[in-house]
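Pasting a structure here, questions to come.
Lettered A, B and C in written order, each chain numbered from 1.
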Amino acid sequence: MSNWLQLFINSLPGFLDGARVTLELTAIGLGLGFVLGLLAALGRAYGPPWANALSVSYIELFRGTPLLVQLFLIYYGLPGLGVTIDRFPAAFLALGLNSGAYQAEYLRGALQAIGEGQMMAGRAIGMSRWKTVRFIILPQALRLVLPAWSNEPIALMKATAVVFLIAVPELMSKAKSIAARTYDPIGAYLGAALVYLVMIFILAEGIKRLDRRVRIPGFGDAEAQHGV
Amino acid sequence: MAGPILEVRAITKKYGKNIVFQDISTTVNEGETVVVIGPSGTGKSTLLRCINLLTRVDRGQIYLDGREITAPGTDEDEVRQHIGMVFQNFLLFNHLTALDNVQIGLRRVKGMPPETAYQKAMAELERVGLADRAGHYPGQLSGGQQQRVAIARALAMDPRIMLFDEPTSALDPELIGEVLEVMRKLALEGMTMLVVTHEMGFAREVADRIIFMEGGRIVEEGPPEIMFGAPQNARTREFLWKITELYGKHEGQGRGNPG
Amino acid sequence: MFSNFFQYILSGTATTVSVTLVALPLGLMVALAFSLAYVYGRTPIPAVIGLYSTLMRGVPPIVLLFILYFVVSGSVNLSPFWAGSLSLGIISSAYQLEILRGAILSVSGGQMMAARAIGMSRWRAVRYIVLPQALRLAIPGWSNEASIVLKDSSLVYALGVTEILRRAQQLSATTQNPFLAYSAAALIYFLLVFATNRLLDWIARRTRIPAHF
């Protein structure tokens, strides 16, 4: 135990270095995923047939295959088509595309919960379709989606760990090199697990607070918990 | 009248500091129908659950057929087979047909062979007038029908006494009559029953004795003629006055739930 | 060349399916025992199981896979296939536990009381009344977890198990066409996930209680 603690303390600078990259991957993947998810959800709910078909294919393909395969397809597969891509952009792209498909599904649930009535009411006061989406639907949907969406940052942070397989120097990859250096793989990976636990715990706490802050009083409590 | 089936001696139930009821004593004799009335939140439902050992009493003893069932080391599962319980919200087993709801206790508790259990269960469904609904799932039955199946389920175990916990208060008004009808028939057949209800028409007509509970105590008890005609206690008078004022016009079929 | 390609991918597919068929039922058995112990167990047990669930779900599966792999292969002599599959099963048990726990809790209560009222023992009430309903209720969530385990089986690639992804990698080297190789892998995963979801949907419909849920 004290041996392990010594190893952990010695490796801490490396772990923190890796943790920074993990946070970066999570933040950029989440942001990119949000934009893609929003576009896909709106395309699916309100878009013309081609946008609908495109959104559905995107969502189904990326939810129906492992992130690791998507990552390899982008990093190792694209160069086969003449498109070379560095490991960091490849990781961002894979995480963003993957997360976007899940975020689109959460948003779709929220849009469904809001229903046709709000669109009809917006159009009835003379708003265009886009304006109704922008000013009436989205402000409600983004609040409604929060409880379901709150799982995504945590899920994504856990997902980022696989990008060590294309040698992105994040937390897991640091653990791997520490394991190789110290000949103590169990100790090294336990150390990484502890750092992940702390980060995920803090992330979960933060989301819980955010969740409480943005709730619309007296609206959507029940649906937001279960319906989405 | 024959000897006591159920005897309750000075039982008390508390949740933390909150006393649900205190020093309740009463006896139910064989073939007797006793109706418990009183305002909501006076511990009537908890009293029934304590008698069925679903909740433990803090003090006092309960006897079934002269045997103390609150004694340590009592086989509670065995005791409950002899006490039928009908809940306010039916609590039918959602994944089983009406027939299987009635059969499952016979099969899995009493270990009856399938054929015997089937005959017995069908007979009980017949008794509550639902033999033609045997293959229906709870979700496919009306509230009144569900409650009648629940009664059949309890009857199938051949209980010594039936406990009814506000059996009609979760029902739509037009469905109350069919359930009360089944209960009335049971009383006439000589079933021993302890009924918590707000149905004053039923109480007046069917009860051999009425117990008025308030604030966790028995305020007054007596035969319906006296309880409804000339109650001794001012609280009893006040309660009965209120409840007949509110629901008297629909007695026996009204939605008699003042709480 | 072409038939070789398919042979390669098919043998990888068989391994991926095998990993999933070991991990998923193992996770289910552990989760079933733990969720019952959580809901019906005495004082320290729920807390211990809650901690297990929180810790397991708070760490990336690939990290746990490596820890468990080294722990398992350090104590017993197991092939990467078995060590990986067992580890994935243990990881999944924490997620399946949450699904089952929620389902049991939402069925328990009234149904348990009604079962006890006709004289059923606690165990019989669980066996004949609570579980038949809870397991049906858990199917949608569980079906989601099944496709997650199927997709997570790709992680044992990192242990050197020759599942689909490893086969695709070998193919991309021999054919010099990485895009085609990895696309083929993606397509097979997609079809497997799709088939799993359809199968479980069908089971959910077949076992549905009329006019309920």
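FYI, a contact is a pair of C-beta atoms (placed from the backbone, for glycine too) under 8 Å apart; a residue touches a chain by one contact, two chains touch by 3 or more.
These numbers come from a predicted model, not from an experiment.
Chemist: When you average C-alpha coordinates per chain, which one falls nearest the overall C-alpha average? Tell me, please.
Modeler: Chain closest to the assembly's C-alpha mean: C.
Chemist: Comparing centres built from CA atoms, which chain ends up most distant from chain C?
Modeler: Between chain C and every other chain, the largest centroid distance is to B.
Chemist: Measuring centre to centre with CA averages, how many angstrom lie between chain A and chain C?
Modeler: The separation of the two C-alpha centroids amounts to 22 Å.
Chemist: On a C-alpha centroid basis, what's the spacing between chain B and chain C, in Å?
Modeler: 45
Chemist: CA centre of chain A versus CA centre of chain B: separation in Å?
Modeler: The separation of the two C-alpha centroids amounts to 55 Å.
Chemist: In the complex of these two chains, what residues of chain C are touching chain A?
Modeler: 55, 58-64, 66-67, 70-71, 74, 147, 151-152, 154-155, 157-158, 164-165, 168-169, 172, 176-183, 185-186, 189-190, 193-194
Chemist: Show which residues of chain C lie in contact with chain B when the two form their complex.
Modeler: Against chain B, the touching part of chain C is residues 110-111, 113-121, 124, 128-129, 132-133, 136, 209-212.
Chemist: Would you mind writing out the residues of chain B in touch with chain C in their complex?
Modeler: Contacts found on chain B: 52, 54, 77-81, 83, 85, 87, 89, 91-95, 104-105, 108-109, 137-140, 153-154, 157.
Chemist: For chain A, which residues are in contact with chain C within the complex?
Modeler: Going by the criterion above, the answer is residues 60-61, 64-70, 72-73, 76-81, 157-162, 164-165, 172, 175, 185-186, 189-190, 192-193, 196-197, 200-201.
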